[in-house]
Amino acid sequence: MYQLGIVKRNIQRAERAAVDQLATFGSATVHEAMGRVGLMKPYMRPIYSGAHVAGTAVTVLLHPGDNWMMHVAAEQLQEGDVVVAAVTADCTDGFFGDLLATSFRACGARGLVIDAGVRDVKDLTAMGFPVWSKAISSKGTIKATLGSVNVPVVCAGAVVNPGDVIVADDDGVVVVPAALARQTADAAAAREALESEKRAKLASGVLGLDMYKMRETLEKAGLKYID
Amino acid sequence: MYQLGIVKRNIQRAERAAVDQLATFGSATVHEAMGRVGLMKPYMRPIYSGAHVAGTAVTVLLHPGDNWMMHVAAEQLQEGDVVVAAVTADCTDGFFGDLLATSFRACGARGLVIDAGVRDVKDLTAMGFPVWSKAISSKGTIKATLGSVNVPVVCAGAVVNPGDVIVADDDGVVVVPAALARQTADAAAAREALESEKRAKLASGVLGLDMYKMRETLEKAGLKYID
Amino acid sequence: MYQLGIVKRNIQRAERAAVDQLATFGSATVHEAMGRVGLMKPYMRPIYSGAHVAGTAVTVLLHPGDNWMMHVAAEQLQEGDVVVAAVTADCTDGFFGDLLATSFRACGARGLVIDAGVRDVKDLTAMGFPVWSKAISSKGTIKATLGSVNVPVVCAGAVVNPGDVIVADDDGVVVVPAALARQTADAAAAREALESEKRAKLASGVLGLDMYKMRETLEKAGLKYID
Amino acid sequence: MYQLGIVKRNIQRAERAAVDQLATFGSATVHEAMGRVGLMKPYMRPIYSGAHVAGTAVTVLLHPGDNWMMHVAAEQLQEGDVVVAAVTADCTDGFFGDLLATSFRACGARGLVIDAGVRDVKDLTAMGFPVWSKAISSKGTIKATLGSVNVPVVCAGAVVNPGDVIVADDDGVVVVPAALARQTADAAAAREALESEKRAKLASGVLGLDMYKMRETLEKAGLKYID
Amino acid sequence: MYQLGIVKRNIQRAERAAVDQLATFGSATVHEAMGRVGLMKPYMRPIYSGAHVAGTAVTVLLHPGDNWMMHVAAEQLQEGDVVVAAVTADCTDGFFGDLLATSFRACGARGLVIDAGVRDVKDLTAMGFPVWSKAISSKGTIKATLGSVNVPVVCAGAVVNPGDVIVADDDGVVVVPAALARQTADAAAAREALESEKRAKLASGVLGLDMYKMRETLEKAGLKYID
Amino acid sequence: MYQLGIVKRNIQRAERAAVDQLATFGSATVHEAMGRVGLMKPYMRPIYSGAHVAGTAVTVLLHPGDNWMMHVAAEQLQEGDVVVAAVTADCTDGFFGDLLATSFRACGARGLVIDAGVRDVKDLTAMGFPVWSKAISSKGTIKATLGSVNVPVVCAGAVVNPGDVIVADDDGVVVVPAALARQTADAAAAREALESEKRAKLASGVLGLDMYKMRETLEKAGLKYID
């Protein structure tokens, strides 16, 4: 899957309208709309609360302790992209800080998802540049070994192909293959439409047991009420 | 200890007045008042800072990836309860989100303690519905396998019997057996009364060494001062 | 390295002016200025966002579950110190709360770095007393076994000698040997001076590839662009 | 649940014959026979391969870094017991070594299950004294704080009451309440009887799909075969 | 990437001769021959020392706590396959034991790689059926939810496509894409050929510094020898 | 503490006779003889059971994913040394395999202690070259960045100075400062002398409660026996 020393310039990004529609949903809704696949591991956390972004993936494959390819990736960015960075082995170093964020933003990036560490989180927060990472660390990196840009990567347990849609918020990070962006957005919209009605019913005291008609199934499964 | 497929309807809740008194203390004070027992593991963290709750436990025993019993639990809730959810094996899925929170609140619940994951944390925070969990995850769950409601459970290393008092804040989650609620509240009050006096002394520069009369004991234990 | 049952009273603190200059830099900048050594492990996290402190280390060596030496340490504090607490084995208990913070502050301490747990984080946050720790836990400690004060310790993987400078912020905790405080502050200042210029260039859209003149080296290393 | 400073002398041990019958089954079989409850967390590992034991629990509640109560427990042992040791907070110290093993064996113990560390594993292996623990560590412990013996404890996530049956092998540690020992042994025997027949069929090439008649259910659930 | 509810029957397996040649090399050699990509995370460990296998992947996508698809996978096995099982969320349950191993072996499987738990390790060891897993657990699973067979999966951080070659030994598990099997086997052979010569030189006391001619590069990099 | 780019050639090794005497004790005994300090974290495990070594430390400071300095270290080895390798950030890569082991052995090394990963464990086991590590991984490393040899390092939480004595076995790894080697060996011998007598008493059924005369202290501490 991995290829080293390669930068792919022309990638097929998911359709912009679908991305923007996906941006209106939370990662949990999108994950359900995908049929519960495509989620990164829950150790990926936003560096500040309330961050919420959707964009098209520009992928980067890094080596532990080496962020050289992040600079190569900057040149491949377009408005609306989210950088997705994977590392060839577990590493918590701070591969990314406010200088790179300034550059990424100038090139159109909406955020970063990295299966490693970041630093300058106070500055990144002040800039409003959202990052999902597995660690925060002051430790910087070198620029010595080639990785790749825009090859398929595995980031925090999820496969990401360049051009896929990334939807990330306080609940986590979900990956929507470019080809499924439109239908996933539609499914998410349908799902969300149902939720507000359910919410109102539950708020009024109707039980999920009744609203979802679970009582019979539970009884069949053998549930016993005792006093 | 565990029993599957059972819902106990009539449980003996801790006396309300004692619960409300316990609600005025932090979890650390209550834990000390208990003689330093009954604490859940420190991986249990609130989803937002400043959350603080005390209530009577309605317990739920879940299977990994299955939140069916949460709906069954809703019907057993009374004003002032806190739901305590355990899982039969380690799992970080998001068993709980804003819909269930709406239902739980409508049924009287003050919060949730779950040895697993939750989602919709932005909405839960906006609702002011406090949750202590070991993970945050967009991943939803199915409704296929029976667990139980109001059986004794082990949640994050602590035994919780239905009706026990749960006191939770930024420092963690402590369990007070229903029968000990009153005396624990009294002990916590006594402890807290002493603390403000101590705080004033320490703030004025009196050393703990002198205030607690530790110098002699330290010397006996062999402490040596060198220059 | 470790010695038990000892309190060293006269320690050589890093020069105050250098400490205060180091206080103006983030931990990432200082870590780079040190040549990328001296960083504590990234599991050390501040109890509230935005905490930032620099001070001279008063070290404490504790036993698991026993905070006796923290009181002994209080007496050795001077204005501008940061307490650095190590434990002889992994432990997440809450060794420190608002009473000790009140005492430490009265004695001049600017903060605490502890390779264990703390409690009363709501009060500590309200006090603005910064703490970096590996855990938060309601569980208190006893006072039974001698440790030491102002001996060299290993805290979260970093060696700390009494009098060393501690620089801590949202990105982590870095240790600067007292003898290197001045030159590290100078190196940090030089580094920071360069950064604002770089930031402006990157913000204007100049690529790191060009600014750092990386294109030739990347080509030599074999990087291939494909379409 | 926990009580400190107490030694219960007369405990109701599970019936010996049932214990000895349970000793003939693996922990996985017993866990199934229990209805899939009562298992300790899988981080509990035997110190040597092939260890397999069943016995009645004598429980010990310890403090981190303090093994005083292990000596108190020795006096409560009878032939056929297994010591189950819990700690009031996470700790990996070596609470147990070859001297205590010699004493425990002299008092009738068949093994130890401890939610902490052990040491002298080479000697313990040579003695054939089986231990299940979460860590191995040279670090010894002190004898300073009271815990309890023969109170209910939570060990590695499972509730253990004194007198319960412990079945432990390479796969893990399962707890059978004393009152359920007989029926669990019978259920395990019934289960095992079925397995050898199944094993023979599967070995001959019959598929589980056919043996368990799963094809129709899978089809109903919507499974699709593609080429 | 993931698709649920699908069984792909006709997969393109890597060429048998290349697989058998890869079977003669260790995972470290193969990983180097691949250019250092394709390795599963190092938490994947063999259940017994000395296990070493190479085979073609039949992939299984499971849900936490549910091993239904393992039985579906059995029917798709051919002589020389290795089953690779991924789970949609982290889970340590024992999805696999001696009955399934008997069936898999009868169907031609050489081993199992599973990003979850297994049980009956004593029996599996006696059978000589090698398994690489992240946990060992007595906890069994249910058969309720559809996953897939022979879809691409991410297992322990590595992408595995059905038909890829799996090489696993004491050092870990590496994945070789089917299309690269031949060239990787050749590269591994070339690499190994060089190693025996190097080993002899090093054994005779020649230093790597001289054999690899590192002295000049080290000096250029600035290495200083002091006394 | 750390210095990069330095090789110290003349180090003061602990006295050979003391090292050889320490080699006759287990790490637990030596750790006790040291006053319970100097132990590495318990995640350091031998790659095969029964490994036991004592030797003088030649230290290596590595960067994540880079084993260049291991070759530099080989030249500094003398008969009776143990290589102790630390890394500037957490890393599980396989820094060491059978080629380096062949070289180290040819240069006199008795073993390796590394706070990272190793590979070729089957070969290392066959060679009888003992290694204590925190991981096993097929992933190799590059040779690009300078570290140091024979500077003080922190390895798995313990400070190691070049020339210190390393005692490692199945229970863990302990560091004895060179200057304390003799007195620690004597203390270990004295301790061991007492143990055989104790073992005999305990084997005969004498309780630790009586042998250590604990009954009175326990009673004073408030221990209560109930029936």
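Letters A, B, C, D, E and F mark the chains as written, and numbering starts fresh at 1 in each.
The working rule: contacts are C-beta pairs under 8 Å (C-beta built on N, C-alpha and C of every residue); 3 or more make two chains touch, one makes a residue touch a chain.
For clarity, every value in this text was computed on a predicted model and none was experimentally measured.
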Those chains which touch chain F and also touch chain B: A, C, D, E
Rotation angle (°) superposing Cα atoms of chain E on chain F, nearest 5: 120
Same or different residue numbers at the chain B/chain D copy interface, by half rule: same
Inter-centroid spacing, chain D versus chain A (mean Cα positions, whole Å): 41
Computed distance of Cα centres, chain C from chain A, in Å: 31
Computed distance of Cα centres, chain E from chain B, in Å: 42
Chain A-chain E separation of Cα centroids, rounded to whole Å: 28
Interface hub residues of chain E, defined as touching at least two other chains: 36, 88-90, 92, 137, 139, 145
Each pair of chains that touches, named by its two labels: A-B, A-C, A-E, A-F, B-C, B-D, B-E, C-D, C-F, D-E, D-F, E-F
Chain A contact footprint on chain F (complex, rising order): 63-66, 88-93, 137, 139, 142, 144-145
Residues of chain C touching chain A in the complex: 26-28, 30-32, 36, 39, 42, 45, 49-50, 52, 169-172, 174, 195, 198-199, 202-205, 207-209, 212, 214, 218, 221-227
Chain B contact footprint on chain C (complex, rising order): 5-10, 48, 68, 70-72, 74-75, 92, 94, 97-100, 102-103, 105-107, 117, 119-122, 125, 135-140, 143, 145-146
Parts of chain A lying in touch with chain E, wherever the complex brings them together: 1-4, 35-39, 41, 88, 90, 152, 154, 157-159, 177
